[in-house]
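Here it is, the structure in full.
Going in written order, the chains are labelled A, B and C, and every chain counts its residues from 1.
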Amino acid sequence: MRIISLASTVLFLLSFSTFANAEQHDFEALKNKYYADHPGKGKYADLWEPIPIQQYWNPVTFYKPPQTLKAEVKAADCVTCHKGITPGWVHAWQDSTHANLDEIRNLSSSDSRHYKKAKLEEIEAGLQKRGVLKKGQKLSEVGCIDCHAGVGKKSMKHHVDLRMPDRAACGECHVQEFAEAEAEKAQKWPQDQWSEGHPSHAMDWKANVETGIWAGMSQREVAQGCDMCHYQQNKCDGCHTRHTFSAAEARKPEACATCHNGVDHNEFEGYMYSKHGVIYETSGKADWDFEVQLKDAITKGGYTAPTCAWCHFEFNGEFSHNLVRKVRWAFNPTPAIADNLDHPWFEERKVAWIGTCSNCHSPRFSKAWLDTADKGTIQGLEVEQEAKKIVQKLYDDGLMVGQKTNRPAPPAPEKDAPGAFFGLFWAKGNNPSFVDRTHAEMWEHDLIKHYKGLFHVNPGGFTYSEGWARLMRRYTEIQDANTRIREMDALKKQVKALSK
Amino acid sequence: MRIISLASTVLFLLSFSTFANAEQHDFEALKNKYYADHPGKGKYADLWEPIPIQQYWNPVTFYKPPQTLKAEVKAADCVTCHKGITPGWVHAWQDSTHANLDEIRNLSSSDSRHYKKAKLEEIEAGLQKRGVLKKGQKLSEVGCIDCHAGVGKKSMKHHVDLRMPDRAACGECHVQEFAEAEAEKAQKWPQDQWSEGHPSHAMDWKANVETGIWAGMSQREVAQGCDMCHYQQNKCDGCHTRHTFSAAEARKPEACATCHNGVDHNEFEGYMYSKHGVIYETSGKADWDFEVQLKDAITKGGYTAPTCAWCHFEFNGEFSHNLVRKVRWAFNPTPAIADNLDHPWFEERKVAWIGTCSNCHSPRFSKAWLDTADKGTIQGLEVEQEAKKIVQKLYDDGLMVGQKTNRPAPPAPEKDAPGAFFGLFWAKGNNPSFVDRTHAEMWEHDLIKHYKGLFHVNPGGFTYSEGWARLMRRYTEIQDANTRIREMDALKKQVKALSK
Amino acid sequence: MRIISLASTVLFLLSFSTFANAEQHDFEALKNKYYADHPGKGKYADLWEPIPIQQYWNPVTFYKPPQTLKAEVKAADCVTCHKGITPGWVHAWQDSTHANLDEIRNLSSSDSRHYKKAKLEEIEAGLQKRGVLKKGQKLSEVGCIDCHAGVGKKSMKHHVDLRMPDRAACGECHVQEFAEAEAEKAQKWPQDQWSEGHPSHAMDWKANVETGIWAGMSQREVAQGCDMCHYQQNKCDGCHTRHTFSAAEARKPEACATCHNGVDHNEFEGYMYSKHGVIYETSGKADWDFEVQLKDAITKGGYTAPTCAWCHFEFNGEFSHNLVRKVRWAFNPTPAIADNLDHPWFEERKVAWIGTCSNCHSPRFSKAWLDTADKGTIQGLEVEQEAKKIVQKLYDDGLMVGQKTNRPAPPAPEKDAPGAFFGLFWAKGNNPSFVDRTHAEMWEHDLIKHYKGLFHVNPGGFTYSEGWARLMRRYTEIQDANTRIREMDALKKQVKALSK
């Protein structure tokens, strides 16, 4: 069994590598596919209109240059003007790698950033090959205009040509990373637990705009809050904040925190309270070298515990911007996953995880822990599924509080259902009822936090603070409400009978 | 419109500067006003008595020197004795600027603390002018006795003269900062949304002791917990912790965290999860120079994101300890603010905010975001206001659970009301009922966190973890309870009719 | 009174010191007692079976070497092989003190780790005395085999001899620390508020496995989550993470965070939001020297605020791994403690605390604060006790929701009771009901967080975010449910009477 798994893993890896290598040198094909795949406003486009801020979350579809400066500007003008208008941009860029390419070229081999020298040469070779640079030409810097109008541009019409860089803009130079990140779209689930390419950073904007309640709710300023994380499909600055665009920043756990925290997936908190996070806090912040590449983190960077990036970029010993290659429970424990963990697709990924953990734990410990986390997750799922039946029955019996008197339909394209996702973000009259909402939180918050706590090894997280103990509470609330509702219904019927 | 706004802003600034400059050189006037404005025990003074710990939160009104040492002590005696008794004080002070003034005098111009040299000279000039120092005399150090008895004292009666430094004590030297901080009291709201000077650090003790439930509750040890933040009116060590009194400390976001966190205004968490906070964590902690003044933070300090102090001290490009000059929603979104955002008072402040954000974002982006945050806040307010009507109606109909049988009045000076603030800190019998409490949390916790999440750019904070999604939950709970209560009431009436 | 207290404190200290000194040189006696005291599976051993991961949490009882490598391996082989298999271990160890004893021997007296030189000599002297080392023999390193098979071993049968180090394994060299930590077991409560030795790290595994619901629940993968903190009795790597085993790590507050956070005892959050934690964040992380011993923290380490370890290791000016010597409320405010705080046992400990705080606060301030915290804790306890009576009465009256129709017994050895602990981790049908669960959270979460917030000086924590304001909410929920349940019961009786 293990041998078969490993063999197919190897085959998979080979096919992936071929794929990745083939793509990495064809920027034009990558770019065309990137735009072809982009959903724009998505399938519910008729239901919503963008508000001004959204042009920054999805410049691909919405960005329009400002009309305040109707002029042709030269590359050097950007800094001259913006030093006064928006000094923060300029100073951040001036301290960045982009503004200091000569420093990179002169790095000694003992410098932990030395790998950037080769990367710069590779990028220049690519640009030369594609004719953006002349043969032998070097980049003097990556200036404002290169990203905001096009690599190598000398001038631009500010009111016409200005663009907010999308993934493809960064990909003009960073072809390898662009290819890796876009490769997430190739993910296929064995029993269609998720549709192709989901869940992933590479399709998170599509996932966002094609969520019914997001498209249907009238409070667009609240709805765009979702976009503020669900824009990785559109841009790279979610992890490499403009205008520093630091790799070291993105290697630190906090870089993931803005999106990966909170009631519905508390990965950051889980990590930080785990021993892994504690080691990062007590040793990593002061002593580890985040300038080294992830592949050298343990040997040269001094890491004595993993980070978000280290585990999730890694796959069978190699590191890439494709983060979905070891995904299994994928944000949402469901019977469709729980019942199929013995499928080779899932088993191979578990083997890959054992490999990851085995960098610092014995393979036996690693497997024992992953087995524990799987079984613990299923135990949580069972509680949620039992509660779900009670909620469904109340709905089927027409007994949800207010169901017959005051339960308006949710906004289109949503349709009414018990314990539905929409009830977390929309409410009117008795839709959702308390029981609906409680069940929605059970599967969308507590069960997910339970499993995230298990897999991120945060003991208090999955036992008492969140996870299991919260699932128990929701179950109690639903059972309690169910009993009270049915007792009231019975009493009403008795009174009705008496009134006749 | 914009032109008018800017013009009046300029006028406002001019008048403010004059005011500030006038005051900054008149310490005696400032001090007299400080004490004249101080409320002492406040308007509910008859209702409560201080407990011993409160002499430290409000030394202005309550502090009495200990009678353990009845002796005249010399300046040098302090360290000699306290090195043994309370070594932490002594060591913290010995490493502080106060104990090392000569080091300040010898700072090279390349040192980021160089500005302190001029500040020291300015302070000494002021003290000389006021006769505390002789002409040309320098401070040798700022020792224990200078703050705990009076600047320049040579000895003191420990049991008579010992004082805990209040704002005026710090202001003896730091006249400029004292004047800036006290200037908060001049804040006037255009339609009396808040009374004069509120909300502000400069009047937070008054706000505290004149809160009905604070004064009325019998658990004084719990009540004094409020004082532990609401003492900025009394002392400066809330931000510049004794006995280091570091400016750099107060420039770091954590300095604000003790008070600005939690269920009713989670500014710190909002910031830390925002991209701003993430940059502080990933770059700021290791690389920024917090010794530089805020005005040089971007250019010399290496800041690539804002901190609490940077945004809230700034006003039209200048930095001051008056933090209320850009306040708009002021802790508490209400219709009185929401309906008047087009008033010049609010518009000017929004223009000032656009200026703040434009240090690192385009003015168009800045305006788009602030518009989004305003509208999103109003959307949250609408949900809360709809729930409020339901709660009020239940109360008016006498249908709150236990309302007719077991709802004692709150302690004086509070008066009973539905969904009132007192219900967060006091409960007896069925006052508050679940519905009261739920509504109190809605306006006092969730709506505030919603708006704080928006303005501190914490997407998960205002969409799903707190804010909007919590408002939806409370709304659901109130609607659900309302329906159940009214169905029960109807059934009771039917049964009563049948019983006749 | 104070004099009596101090006198008995001195006597207590003398007896303790004698005890500790006697033990510290008799490793064999310590080890034998350690194993004799160890509960193994505990008194409910018949009710549960360990799952594979638990051999790592309790190697004392469950660990079996893997059978993958059936061979005799030499000391040098460990690193050779594991460098490839589990590189994280090897690199962490290579950077640790254990791998660099010569560096320790050559530390200059100005190095903050200089104290380790004497410690190493003391350890070697002990090993020589016990014949583990020859007279005059030095340790060349502490390698894998020394901990995983026995100090000084040259080779081992990997499949037979491999062990996971328990407390006694570390104690072979670190006899002093082992003795200190085990001394916690001698703790006796004056009125049996807790049984002997509890609560403590030294008996936390026993406390865990002898908790009814832990032993009785069927979800073993969830239950083992408790073990992940409750294993300090078994191992030392809860604070000194393998394979760095750093003292500096354990001196940082985050080292305690994995276990001391969350809904039922949020010490870490409380500390971090207190001014103490803020100073640690703003000054400590960058400037303090965590390599110095705790006793030199203020004088040489530059500490300007306390850490977890600093306060809890300290007792009357000395520092030790016995953390229970100042325990008073002990995780769980109950009347049995509240009513006996004037007992000398409690008073002496309070005096010791005043001494601790007086390192940085005046004794008067320290006492005023501790008095405030005691009284505030009792105020919270009173609210909980009032609610408890309501819950008990509902149960006695058979009126808990579903009590007569759908309240299954909890799994053995638990027995049914209102508001019981088991309801946080187990639920079936209407057991627990909402009211049970609410009361369980009141005493097990909110009251504890109230008192932890008070004693860790986190004002928002005990006033509004947790603690008092949450106790008010739970009280409100219980009163509200009680009124609704009793009104429903009365109505049912009326209808029943009408139906006759």
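Methods note: a residue touches a chain if its C-beta (ideal position, glycine included) is under 8 Å from a C-beta of that chain, and two chains touch if they have at least 3 such contacts.
Computed from a predicted model, the values in this text were never measured in an experiment.
Peer 1: State which chains count as neighbours of chain A and simultaneously of chain C.
Peer 2: B
Peer 1: Could you classify the chain A-chain B contact as same or different, where same means more than half of all interface residue numbers appear on both copies?
Peer 2: Under half shared, hence different.
Peer 1: Roughly how far is chain A from chain B, centre to centre by C-alpha average, rounded to an integer in Å?
Peer 2: Chain centroid spacing, chain A to chain B, equals 35 Å.
Peer 1: Which chain B residues reach two or more other chains?
Peer 2: Only 285, 488, 491, 495, 498 qualify.
Peer 1: Under the stated contact criterion, what part of chain C meets chain B in this complex?
Peer 2: Residue list for chain C touching chain B: 272-275, 277-279, 281-283, 285-286, 298-299, 302-305, 358-365, 368-369, 371-373, 375-376, 379-380, 383, 454, 457-465, 468-469, 472-473, 475-477, 479-480, 483-484, 487-488, 491, 494-495, 498.
Peer 1: Please give the residue numbers of chain C that touch chain A in the complex, ascending.
Peer 2: The contact residues of chain C facing chain A are 51-53, 55-56, 66, 68, 85-89, 91-92, 95, 219, 221-222, 224-226, 228-229, 241, 244, 246, 248-249, 252, 254-255, 257-259, 261-264, 285, 401-402, 405-406, 423-427, 429-430, 432-434, 436-437, 441, 488, 491-492, 495, 498-499.
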